[in-house]
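These notes concern the structure reproduced below.
Naming follows writing order (A, B and C), and every chain is counted from residue 1.
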Amino acid sequence: MMRVWLVGAIVRYWTILILLVFWQVLVTVNDYNSIVAPSPIQVGTAFLSDPEYFMSHAWYTLSSALGGLILGIAMGTIVASLSWATPLFNGLLMPMSLFFRSIPIVAMIPIIVRLVGYGSHSVIMITAILTFFPCYLLFLSGLEDVNSTRKDFFSSLNCQPKGFKMLTFFRYLALPSAMPNLLVSVRLLAPICILVALVTEFLMGLQGLGYVMTSARSTLRMDVSWAAAIISCLLSVGFFLVASAVEQKYRSRWSD
Amino acid sequence: MAEFQKETLGSPLDGSPPTSVMQPFIEIDGVSKRFHLSRSDYVDALVDISFEIYRNEFVALVGPSGCGKSTLLRMIAGLDEPSDGVIKVGDDHPRELIAKQRVGMAMQEHGLMPWLDAVGNVSLPFRLAGLPIDPERVEELLELVKLSKFSNARPSQLSGGMKQRLSIARALVLQPDLLILDEPFGALDAVTRRMMNQELQRIWSRKPTTTVLVTHSLEEAVFLSDRILMMSPNPGTVISEYPVPLPRPRTLETSREKDFLSLVESVTARLDEICATELLS
Amino acid sequence: MNDILAYSRWCLGVVILILAWEITGNRGWLGSTWPPLSSIFDYLNSRPNLELLVRNAGVTGVNAVLGLLFGTLIGALLAILGFLIPRLYPGLSTFATFVNALPLIALGPLLIITVGEGATPVAIATLSVFFSFFVAAISGINQTTAIQRDVTIVFGASRWKKLRFVQLPAAVPRLFDGLKLGASAAVLGAILGEWFGSGSGLGVILVSAMQNFQIELLWSAALFGTLLTITGFVCISLIRIAFFRRYL
């Protein structure tokens, strides 16, 4: 029983195991001291010596990333719905969102940091702004991409995506049809919003894991810096896995 | 072949549509449809089609693939406009009937909402029409298509045949004046299909409704309809017409009788002929 | 007719975007951080400024291209490995998901030590390209229809032959999609990598312009980053067209 489980785990996670071993071996063979490169054991010890410190910063990062994601998705879906309803608005907004989307997000962050100012609200604002555009585009395409047989069925009951029955069409067809895309955008944006939060913290240097990574590095506490980096990775991967699980669970409800 | 056709056209046998219902409900007059594929390119899907459909008559449209059956059906339902000619349903533009929510539709793709259960799907027409939902009527329809046990199942939990039955229940729930069926059983296997035909026949006989059915199965056309219109392609026109003088209710036994079989055979022969000339040209 | 309407809405959208930008900047509604578009072009109109940006964009461009190259190579090799030795596949796909979910900035401190400051931008670009290409390659390889696969099994083709003659050609469109995603990921990764102490590149300019309040420089650097991404898209689209002309 135990052996079966172990083999299964190795088959799934062998690459990550190899990375860990490789890291330990690298540090041992080169005989790095902990200021150059701490070993996995040193990093673990650094974390265990003050877990609360790391946890509070991790919570700060997670909550602002989550807050930003929720805000960005709320704005994205609302604006997408508005532009579904008004083609003029859609035409005006589309070039802008395509333009903002081809700007590399890490190039946007310094600009937005300057724009919204340094402060604890900035992380949320930036995450919200940067998750808004992908969500807007994805959700809008979901609203517009309605199965043609269903559309004909709605038309046969005098229910068109324009005119006085527009709201009924939206509520009973367009909106539910776009739900799978909403789930996809949550999954895609989950790791991105953590990245954006970390980068912002890294640049502003106020709080959060991104801040711990830089500040510990400047005081040569490499073990602390690496521990923060690894917690960030775990946070991001965990968040992604949760978002994927949510998508898996609910997708079949909204599509056939 | 041609003689048989003349004969059946000239003297409808007993059991053909009763004369009391012989008033035109749908009038199709010189209808053409042209699709523009690009700026210079176009296809004439339908050219100069005229015929009438009577109130409470069940008409089947058959013909080779691509002859414009679905196109014609969509125009009768008011989902599309002819390029030329006039279609009238009950002396009005077809869209008037849609505006009154008197059209029911079931297509080859069931088009059910995956996020609603069976009850939700069948009640949807009430919501779209802005009417209060009548749970008894919904229950009755589910009973009629034998899905009462599955009232809380989502479409993904139903078999192909059950989904088609559900979509027919949905089409009938508002008691439409015009029922539009575009290969509703096209995706089903032959055995299930015969069962479904029997069911549809039973349901329809309880409350005859003007129905236009598009199908590729000639047995299905003969079994269900009062009249068969055969279309030929390039350009799409109606080239022959067969009354189906078989008495109702029709059962699986009907589909083994001599009258039934010989009618199917002559319709099939005609269709083969059309396809053969199509291939030669 | 509808096309013309949609097209004119688009053009109107672009015009309004530019005008709104200009006016907002001119009036200073969004503070001094949002300069009018014209002042950015004024800034770029001076030769030394333009040279500075072009030089640094060049550095970032080289980093991105190298990252794209290595990332694609590693992604392709691992995808083929996973296909040839099915046992390895679950581990590889976990690894790819893991890399995708990693916040690349967290890798900065680790990479500085392992590959050195100079190579960090390329390393981060490589990692971010790797995921999108690996996923595209796997899904491309796996999408051959069941019939195509059965035919090769009937003919007794080896796994390698199957890959070479059936699956790889079928995967080509997906591979180009992966490359396209990879191009923007590469620029992003290179800029991010440059923050970690590398001496030049758009990333360095972005951070120093932010800290020193050089707003026009900040915007120009972002603009050049966007141009790099778009150049990448265009190049890959051209290669794609040439490829299909030549082989299909």
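To be clear about the criterion, a residue touches a chain if its C-beta (ideal position, glycine included) is under 8 Å from a C-beta of that chain, and two chains touch if they have at least 3 such contacts.
As the structure is a prediction and not an experimental result, all values here were calculated from the model.
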Chain adjacency by touch: line, ring, star, complete or other shape? line
Which chain pair racks up the highest number of C-beta contacts? A-C
At what distance in angstrom does the C-alpha mean of chain C lie from that of chain A? 18
Please report how many Å separate the Cα centroid of chain A from that of chain B, as a whole number. 50
Averaged-CA centre spacing for the pair chain C and chain B, given as whole angstrom: 52
Chain B: which residues touch two or more other chains? none
So in the complex, which bits of chain B are touching chain A? 74, 77-79, 98-99, 101, 103-105, 107, 109-115, 124-125, 127-130, 154-156, 170, 180
Which of the residues in chain C end up touching chain A in this complex? 6, 9-10, 12-14, 16-17, 30-31, 33-34, 87-88, 90-92, 94-95, 97-98, 100-110, 113-114, 184, 187-188, 191-192, 195, 202-203, 206-207, 209-210, 213, 215, 218-219, 221-222, 225-226, 229-230, 233
Provide the residue numbers of chain A that touch chain B in the complex, in ascending order. 147, 149-150, 152-159, 165, 168, 172-173, 176, 179, 252-256
What part of chain A is in contact with chain C in the complex they form? 10-16, 26, 32, 36-37, 87-88, 90-96, 99, 102-108, 110-111, 113-115, 190-191, 194-195, 198-199, 202-203, 209-210, 213, 217, 222, 225-226, 228-230, 232-233, 236-237, 239-241
